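Think of it as A, B and C in the order they're written, each chain with its own count starting at 1.
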Amino acid sequence: MKLNRVIVAIIAIAVVAGLLAGITFFTQTAARENAEVKEVNIKIGLLFPLTGGLAPLGTDQYTGAKIALDLINERGGIAGKYRIEYVTADSASDPTKAASEAERLITLEKVNIIVGSYASPLLLAASEISERYKVVYYEVGAITDRATLREFKYLLRNQPIGGDFGILSPVFVSEAVAPALGKKPSEIRVAIIYEDGPYGTSVAAGNRDTVRKLGLNLVLDEGYSAATTDLTGLILKLKTAEPDVVLHTGYFADVVLFIRQSQQLGFKTKVLIGHGAGYGLPATYKELGAAFDYVFNLDPSSPYFNLESIAQELRPLNVEFVKRFRQARGYDPGTHGYMGFANLLPLLTNILPLAIEKYGSIDADAIMKAAYELDIPEGGTLMGYGLKFAPPDSPKDTLLGEKYRDTKQLHIGQNVRAYPVVLQWIGGRPEVVYPDFLAARKPVIPLPKGHPLAP
Amino acid sequence: MIPSIYLQVLINGILLGGLYILLAIGLNIVTGVLKIINFAHGDLVMLGMYVAFWLSVFFGLNPLLILPSSFIVLGVIGLLSYVGVFSFVLRAGDFEHLLSTIGLGLLLQGLAQLLWKSDYRLLKFELPPLLIWNIYISPVMLSIFTISLFASIILYMFLLKTRTGIFIRAVAQDSEMASLVGINKRKIHLITTMIGFGFAGLAGGLLMLMFPAYPTAGFVYGLLAWVIMVIGGLGSVLGAFIGGLIIGIIEVSFATFYNIELARAVAFILFITIIALKPSGLLGERARV
Amino acid sequence: MYNIEGLLILSISILLLLPIFDINPYFVHIIILSTMFAVMAAGWNLLAIAGPVSLGHATFFGLGAYFTYFSLTPGNISSYVALLVSVGVALTLTIPIGYITFRFGITGIYFALVTIAFAEILRQLFISLREITGGSLGVSLFIKEQSYLHFIFDSKMPYYYLVISIFLAIFLINKLALNRFLKILTVIGNDELTAASMGINIFKYKLLAFVLSSIVNSIMGWFYVHYLRYITPDVAFGLLTSVEIIIIGILGMLNFAGIFFASLFIIPLGEVLRAALGGVYAGLNIFIYGLILLLLVIIRSIRIGKR
């Protein structure tokens, strides 16, 4: 029958296509292996979720990382001499697949370094593999405290940790919000709400501990599923609790739902502080418009901060990045894109050159040694914070942790000088408002009259 | 404010239920008539969301006006799916049905990701809340509820009064018998698939009023649809309606008075209890309308 | 006409000898994953033959994984004891569920939906009880030294051999000892009424199949944690895991050899597609994967229709 023949034809095409894809893949690999023998070649594997539930933000971060790599290559590569070859791998928002991709990058693609991961579960899964092979894993986005508490020898993270996100907002409330509202810290009513995934939970844990430590009045503390279709219950509870400040950690859909439903249910508050993810997305501002004005967000810095606070030679890179990101994605970068870019750069401009010049090698141990030797003061990186990776022989807590955490964490491989900052959405851009020396402007507290969420 | 919180919870539960109803209706029909477990349902809803989004953006029209297009486009996809897939697969066993819907779902997901990337797409559809007797009512949710109600009634009438509708119920109840009395089973299957998929698309279009579209959005909505379908009853429109309302009310109440995280789990527990006690759902009985 | 089971034995023999040649660890990893899923699909299949289609089979895998972690955390318990614990815990869920559903004749789509519900409830539970379970971030196995006691090795070989041996063992057990059992299950699956009238205790056989199925799957959960050393509620109980199992079970046409080859086809297929197309054409790999599944099913349906 004719239909059967059509089907057979389709199958034949599909099979041939599949074979071609498979053959192309394997031959490409073979080609790379041959090329490697001929010259010294730095190869980096980029491992980010490009499909699946985490893709929307993962892709931004991946784009930022790519821009950094391309930029350095344009200038001749590492130390102006060694071009970087990079390969893309999709962790597909699934830990098992992240592990498989890590295997592939290391054993098939033979990368020297894996750069990832955006999401904590992906980092935890993939770094198990890299550590076993003694390959360097350089993290630019995932924030789970746990990653650098595992005593891994080949893991570097240049990104603030979730616990610090958790710490900074109550500190901000205590030091900036309370005086602006004319109240004592103990008089400030605080609500903590968070999506119950790894991200939200780790931030909320920090929120909780610091709120208690600073003596703020915690009136509500609740998690919810990020995939929820309705937050009515939670918002009604918030209305009853009447918080002055809401500390919220969520992804895009739930943040939008929260703010929209709050307007629908008449929930009012004085200060709304988000902690990255959904609160850092330009798309969120685009969708919520005026309701998102004057909302605070904690993140490693966005590109929009007081550029005077960083070293002069770095400033043009910031501007260049914004331009390229816009070209690549069609919208202004938020914090995620910037993380991929700014957090990766020290690996390319400081660590690798040092490893080559001082140790003459880019094997894992040389890279790690070089990394631990770096000592960059505040203002020396594109994020505004400094750089110092805690080495295995003297694990340390982060700057914020030293100051505010009761039980100190002992991190290895973590940039202990990294910290998030407080940004405020003003005129459609997240501007840094705290700490003062990085601030582009002073914060606006409370939500001004006429704001949809203002009383 | 305290006494009115109960009323607020009830109202919001009902409105939320409206959303859930529409999610389940399409699934209900396809499952009840074709007797397959449609793993692709969530992805069909996702597609409906994208259709509503792109048409809305392209024509600059109010999304409510675009809704029928979601229904129609998905109906066409139903046609294609039936002709291209189901017509072959239905002759084989349950396992083949299942696998085919899994493949279909993945195909749609992959397509969405490829065409529209993973960025969140959201429509601007803001209306200030209505304040009646100290109760806040969201006009968006009210629209969703009304449209759900309307669509459910239309479907109900269709199944009850029209010739095709009656045939559909016949096939759902006993397909052997239906063939024997001369009903063209394959044609009914085709029509049901189109209607079922169309409703999934419509649900997606409605969801677009409040939620963002992204390629893996179908995952959550699909699961939800099944829960509602089972609680309300397989093959029963009225059952899907009541099931949706019940879940909506339970979720909001539980979230408000206890803990939102476990609200969904409670719905699942209810779901299991109903299966254990009355498997055909609260109202379902093969194909009672 | 070739004998597919002979082919299976041959293939496994080849796999067992493969490490003699210096095989890239990535391929070893893929074979390990494929075999792991083949084992789980085989377990799923045992139940499916008798009728009940479980859509939430990740449940037992997940329980096995998590309780392996819980058993190993104190530090002085061997992995073999952990194995017994995981299987035991999985069974505490299997037996009640099995009892209730089979005793009261909950079958078909309803059984399927109950299994989904359980997987979802457990997933949510493990996310909510974050103090004990680590929440949605999951748990990492914190054992560093290699040992047979804890089955932790840097090399992949022990895991490779273990999982292939497990599959082989299950296959042999099925072939040699469970022939009659399988035949009865098949009869039940084909026509319960007739089977009952022949005097078969439907309930007993279904429950037994369910128990064996969940044992096998929880063992794989134990294995997974030892091999990849990290588990989250989504991987443990998620729908994606359950669906992966089902795809392989169905493609394998419900027999062991078929499942083995199906798994060794579909999992590498997914990997190759993602590796080749994952970057720029993200999404195309999923599309093609779905398309291939569809085509395979359609072909098979046509064949079945012709008989």
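Assume contacts are C-beta pairs under 8 Å (C-beta built on N, C-alpha and C of every residue); 3 or more make two chains touch, one makes a residue touch a chain.
Note that the structure is a prediction, hence the values are computed from the model and not measured.
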Set of chains whose contacts include both subunit C and subunit A: B
Greatest separation from subunit C - chain, by CA centre: A
Whole-Å separation of chain centres (CA-atom averages), subunit A against subunit B: 36
Whole-Å separation of chain centres (CA-atom averages), subunit B against subunit C: 31
Where subunit B touches two or more other chains, by residue: 113, 117-118, 215, 219, 261, 264
Junction residues of subunit C - those touching two or more other chains: 124, 127-128, 282-283, 285-286, 288, 291-292, 298, 302
Where subunit A touches two or more other chains, by residue: 50-51, 55, 196, 223, 225
Subunit A to subunit B touching residues, read off their complex: 50-53, 55-56, 58-59, 93, 196, 222-225, 227-234, 236-237, 239-240, 252-253, 256-257, 260-261, 263-266, 281, 283, 287, 289
Residue ranges of subunit C in contact with subunit B within the complex: 48, 53, 55, 100-101, 104, 106, 109-110, 112-114, 116-118, 120-121, 124-125, 127-128, 239, 243, 246-247, 250-251, 254, 281-294, 296-298, 300-302, 304-305
Touching residues (chain side subunit C, partner subunit A) in the complex: 24-26, 29-30, 33, 124, 127-128, 130, 135-138, 140, 142, 154, 228-230, 232, 234-235, 240, 269, 271-280, 282-283, 285-286, 288, 291-292, 295, 298-299, 302
Contact footprint of subunit C on subunit B as seen in their complex: 31, 37, 39, 85, 88-89, 91-96, 98-100, 102-115, 117-118, 215, 219, 223, 226-227, 230, 234, 261-262, 264-265, 268-269, 271-272, 275-276, 279
In the complex, subunit B residues that touch subunit A: 1-2, 5, 8-9, 12-13, 16, 19-20, 113, 117-120, 122, 124, 126, 128-129, 131, 136, 138, 140-141, 210-212, 214-216, 219-220, 224, 248, 251-257, 259-261, 263-264
